[in-house]
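Shared between the two complexes below is subunit A, which has subunit B as its partner in the first and subunit C in the second.
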Partner chain A sequence: MKKGAGSLALFGGNPAFTRPLSIGQRNFVGWDRVEHALRGIFSRRYYTNHGPLVQELEERLAGFFGVRHVLCMTNATIGLMIAAKALGLTGKVLVPSFGFPGTVQSLTWAGLEPIFCDIDPVTHLITVASAEQGITPEVSAILGVHLWGNICHPGELARVADEKGLRLYFDAAHAFGCSCNGVPAGQFGDMEIFSFHMDNMLNSLEGGCIATNDDNLAEIIRNIRSSYGIRKSMTVSVTGNGRMSEAQAALALLSLEDFPRNRAANQERFELYQKRLSVIDGIRLVCPSSETQSNYQHVVAEIDEAAFGLSRTVLTSIIEAENVGSPLYPAGSIHHHEPYRTLYPGLQEAFHQTDKVSSRFLQLPTGKHVSGEDIQTLCDIITIAREQAGDIRALLKVKE
Partner chain B sequence: MIDTMKKQEIRDLALFGGAPAFDSIRSTSNLVTPDIEKFLGYVRPVYEHGKFADNGQLVHELERRLADLHQTSFCVASCSGFMALMVAMHVLAISGKTEIVMPSLTYRRMADIAAWVGLVPHFCDIDEQSLGVTARTVEPCINSRTALIMGVHPITNLCDIDGLERLSIQYNIPLLFDSVEAGWASFHGRMLGSFGKAEVCSLHASKLLNGFEGGYITTNDRDLADALRTTSRFGFREDGSLSGLGLNAKLNEVHAAMTLACLEDLDAQVERNKARHRAYRDFLATVSGLTVIPYDETERRGYKNVLVKINESWPLSRENTLTLLHAEKLLAMPYYYPALHTKSTSYRTVRSGSLQVTDRMSECLMLLPCGDFVSIEDISGIADILIFLQEKGPEVQASFEEIRET
Partner chain C sequence: MKKGAGSLALFGGNPAFTRPLSIGQRNFVGWDRVEHALRGIFSRRYYTNHGPLVQELEERLAGFFGVRHVLCMTNATIGLMIAAKALGLTGKVLVPSFGFPGTVQSLTWAGLEPIFCDIDPVTHLITVASAEQGITPEVSAILGVHLWGNICHPGELARVADEKGLRLYFDAAHAFGCSCNGVPAGQFGDMEIFSFHMDNMLNSLEGGCIATNDDNLAEIIRNIRSSYGIRKSMTVSVTGNGRMSEAQAALALLSLEDFPRNRAANQERFELYQKRLSVIDGIRLVCPSSETQSNYQHVVAEIDEAAFGLSRTVLTSIIEAENVGSPLYPAGSIHHHEPYRTLYPGLQEAFHQTDKVSSRFLQLPTGKHVSGEDIQTLCDIITIAREQAGDIRALLKVKE
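Moving on to the complex of A and B:
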């Protein structure tokens, strides 16, 4: 166990983790089950084009979410692009700037203009007030994001969307298996788009799906996705390729079997982090909102530099040096990045909470590959960082 | 084949009450099955060591092997041929210009891909011999708005590589080849992959290499390869910063493993394809109504597809021919039908003059069953049906009219 600041890997100590500890979920099932499923595909010689496993997965997921339709996709970003086209959106769409770039990019590819909204500093979700503020006659939809698995005000946003005649849909990449006041994610808005990327709760390496209760919308999506799996041929504005392969579906089906166990283990890990970090000044975990039942797939912390004694940047370097994957979620405030930075120069100072959270948050590793012991070790390191912040600042000066 | 009995009478045809000639479907999809142990041998070590990653070691190895195969410096893997084309069009189109020149007789989603990247398809005609675009058919479509030229290789032959490269230089407009149907082909002895600015291939299960789903782009231009790579990964550069608009076109590791296993069998597969194609040519040699379009055997070819031209002396319409074959469980397909310029679209398209050859060729070509599910014996059976149709054409046609009346 590390003792002083000098024992941190950043200052030459041995890294605490001998193997790299990645941030994402990485809930892989045992090889034997994977091999069995892959051999099954070879025996059927049915590889893609809406095969039997994709059909089974769609059926099971529809049951899991409690929705009428699930449409599997190559990945969630393609799902979001197809969703925007299927909704027939025009003009502008409200979307948070804080998050993963694929969300906003999907709008740009669909020929739409994003209208960024600010977020709540506690939950990191857009606020209903900031969404309402952004509505103009050119806005045709709200794209809510269930960031970190926190369900994004489905009832209130639905009310706003109804009043203003807008479509409402959700990027639910983080929210597989989450619910809001007992209603499962998948049932909110006109549709929800899930990701099965290996960093998320359900893992098909890459993959995703759209869940909807709207029969017509589901058929439009099928017609855009591919000619395979169409139930009724329709004229659509543009087609794409969003097919999921049988290999992806096989992995997703196996991962679905393990969901209850993986979710419970995530919750245990979250509670252990919570127990250890709640006694440290200057660090706060982002918790599930009062209405969300979370999948706990993310452990996100915020650093208050004044109280913690070190900046988020310094703590990040300390953690990374111990052989932990980059704790910074890719991008953060999308409006500060290209092409949006050049497109919207006027917005660079506009979103105070988004900018504040962007400079304070970091992710901690969780998922099947992270043991309780790993969490204890990492929390020990964070404790050392807090307790010996002065020494660390001095060592950093020397290092410079 | 279950029924090795040749069709004797019109009523032996499945459409008119006979037993289908095949017990299961024969299609135009390749569906090559690599050695499963080789496939699992790629996946297992990576899986068991928890080393799956975005653009992980299997994708890296595949990109290296494909670059070797195509004799190019760079290869960027993609989750599909569709997304590879979309990314390549987006990166290559001259900014501020709006039109993309492409054939009309081609992949049915080609114009939609252009629409996704905000380009207006400008349809050009094709050459009757090769069925591909040439400098002569493309040049009338080039104007001050042209952002990109698509050199799409047709099925079986190649488009006019030299002529299009000349145009590209003369007008200073980038040239992107769609080589999806020309995988493993050569031109003047040089492997396809490094012509124009870049070339796109597919790894869909129906194509030469079965990666479940997938695609890739080859190029010799380092900056272009970097731009294609970052665009395919949400715009993220290697250092994690965002360079601009991107999306998710990543190929996953299991699909990469599948393709790697198929690559080990590629030479042998091409021999099998060649034998199938030769069998079609031999068995159909006496059928005057059908011409099997030959491959240029002086160059490398994949020989996967079997394209036939329906001549004047063929007694049936293509539609009726396909209906009869489908009833026998033979999923023969019309060649790229309908032509893109005849479809109504939600977006604007342009064409210059008439597309005479396109219109004519869109009615008289069909693809016959091919790929791993089709044996030489099957081809003999398929040929027997076609020979029967040629001989009994007028009677078959009369039976069609009878069922239409009833």
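Moving on to the complex of A and C:
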């Protein structure tokens, strides 16, 4: 165990982790199960084009979410792009600025203009008040984001959308297996789009799906996604290849079997972090709201520099030096990044909570590859950082 | 062997093929090699995000095409969409109407307006004359299509593009391993986009790539494709998830090893069809132009109803009934299909060659799963159809 600021890897000590500790879930199944599943594909000789495993996955996921339709996609970005086209949106779409670039970029691909709004500083989610502030007559939809496994007020947002005659859909990349007041994610708004990227809870390496209870929307999506799997041919404004392959579906089906165990292990890791970090001044974990049942797929902390004694940036450097990957991804407020920075010069000071959170948050590693011992080690390092903040500041001055 | 019109499956005979004979290539490698390649991915525990196999594939393909840059994509439609955005195109793009919907749809996704042009009735390709006829001041690029493994006049089209100050790029989905006057596809225009869908020559189930000699374009594409694999960070107008997974790259690498053998086998199949069908009146195979070295991935026939005695539609029904899949895909002239039919009412009579070819062509099965015996059987059936056209017409009248 490290002792003293000088033992930190940032100042020349050995890194605490001999292998890189990534932030994402990486819930991989063992090769023996994968081999069995893929061998089946190769013996059937049916590899893509809405095959039997994709169909099985869509049925299983519809049952899991409790929705009428699940449409699998090759990745969630394509899913978001197809969702926007399927809703027939025009003009502007309201979206929180805090999150991942892909959410907002899907609107740009669909020929729509993103209208950014602020977030709640405690949950990091879009709020009804911030949404209402952003709605203008040109706004045709709200694209909510269930960040970090937290569910963003689907009932209240639906009320606002109804009142204003707007469509409502959700980027649910982080929300697989979460629920709000007992209602599972997948059932909210006009549709919800999930990601099965390896960093998320359900894992098909790359992949995703759209969940909806709307029969007509589902059929439009099938017609846009590709010519395979269409139940009723319809005229749509655009088509594109959103197909998931059988190999992706095979991995997702295995990952779905493991979901309850992976979720429980995430919760244990989260609670261990919480136990260790809640006694340290100046750092707090973002916790699920009281309405949300979380999948705990992210462990997100906020640093109060005045209380902690070090800035978020310095703590991040300390953690990264110990062989932990990218605690600052996503980079934060999307409206500060191109092309939106140039497009919206007037917005650069507009969202105080988003800017505050962006400057204070960092992610801590969790997922199958992170052990309780790893978490103890990392919390020891954060404890050293807090207790020896003065020495660290002095060492950093010398380094300059 | 079937004898007489009554023995055809369309009129109640047993289908000639006990298993379905698909049109696409389906060049799959054996499970033992796949298992070895995939096991390596699972032991490295690196599954996507521009991993070592994607990097190896990009290098190998750059060598294969003889170009400076290859950028792998999750599918070719995404590749075409990203290509249009990377070129910074505005306004209208000239594209042949005859082909696959994805080519034209990529322009719609990129916020561009397709301007259709006619094709050569012999090669089914865009011609310099048809391109020149379609160019207006609002056209910013030409999107050529190398259909059926035929290469579309890259030198002459480049001259036209240069004269008019237009960008030039190619949908090369069918042209993997083809060349024109000794220059490999991949080197033409500003860039070329290949598809590794299982129906094409190189096979990663779903997948594709962009080939280019332009360093700046390559870097823009890397910046659009995702945050992984970027060499130099740049501001781009949009980003999106175009990532290829390691599993896709593993399959493509195996398929690349098999390319010479698969190409040679395609050529044998083509020549067998040619030998049998060249002696039948009213049917001709679309052959590579004298400048093109083809991969022979498609066997495309045209039916002259007056000389053959049956319409293309009737011959297609006869062949399909024998357990052969979709000889009419693609459906033909894209400008006759929605949304373009409604957008361009004035074009519906405009392209005589495209309309003529669309009404006459059909595809015959080829690829690894199609044996010489299968081809002999199918050519026997086509021979019966031609020789007993009168009886068939009479039987069809009775059926009505």
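The working rule: the second predicted complex is superposed on the first by the 400 of 400 C-alpha atoms of A that agree within 3 Å, B and C clash if a C-alpha of one lies under 4 Å from a C-alpha of the other, contacts with A are read in each partner's own complex, and residues count from 1 in each chain.
Here, a contact is a pair of C-beta atoms (placed from the backbone, for glycine too) under 8 Å apart; a residue touches a chain by one contact, two chains touch by 3 or more.
Everything numeric in this text was worked out from a predicted model, so none of it was measured.
Mind checking the superposed model to see whether subunit B and subunit C fit together on subunit A or clash?
Clash: subunit B and subunit C overlap once superposed on subunit A.
So in the superposed three-chain picture, is A:Ser371 touching just subunit B, just subunit C, both, or none of them (first/second/both/neither)?
Touch status of A:Ser371: no partner.
A:Trp109 in the overlay: touching subunit B, subunit C, both, or neither? Say first, second, both or neither.
Once the two structures are laid over each other on A, A:Trp109 reaches both partners.
Looking at A:Asn181 after the superposition, I want to know if it touches subunit B, subunit C, both of them or none. Which is it: first, second, both, neither?
neither
Following superposition on chain A, which residues of subunit A contact subunit B and also contact subunit C?
In subunit A, residues 26, 28, 31, 34-35, 38-39, 42, 45, 47-48, 74-78, 81, 101-102, 105-106, 108-109, 111, 198, 205-206, 237-241, 243, 245-247, 338-339, 369 are touched by subunit B and also by subunit C.
What residues of subunit B sit close enough to touch subunit A in their complex?
Residues of subunit B touching subunit A: 31, 33, 36, 39-40, 43-44, 47-48, 50, 52, 79-83, 109, 112, 115-116, 118, 204-205, 210, 212-213, 234-236, 240, 242-248, 250, 252-255, 258, 346-347, 373.
Inside the complex, what are the residues of subunit C that reach subunit A?
Contacts found on subunit C: 26, 28, 31, 34-35, 38-39, 42-43, 45, 47-48, 74-78, 81, 101-102, 105-106, 108-109, 111, 197-198, 205-206, 235-241, 243, 245-247, 338-339, 369.
Inside the complex, what are the residues of subunit A that reach subunit B?
26, 28, 31, 34-35, 38-39, 42, 45, 47-49, 74-78, 81, 100-102, 105-106, 108-109, 111, 198, 205-206, 237-241, 243-248, 251, 326, 328, 330-331, 337-339, 369
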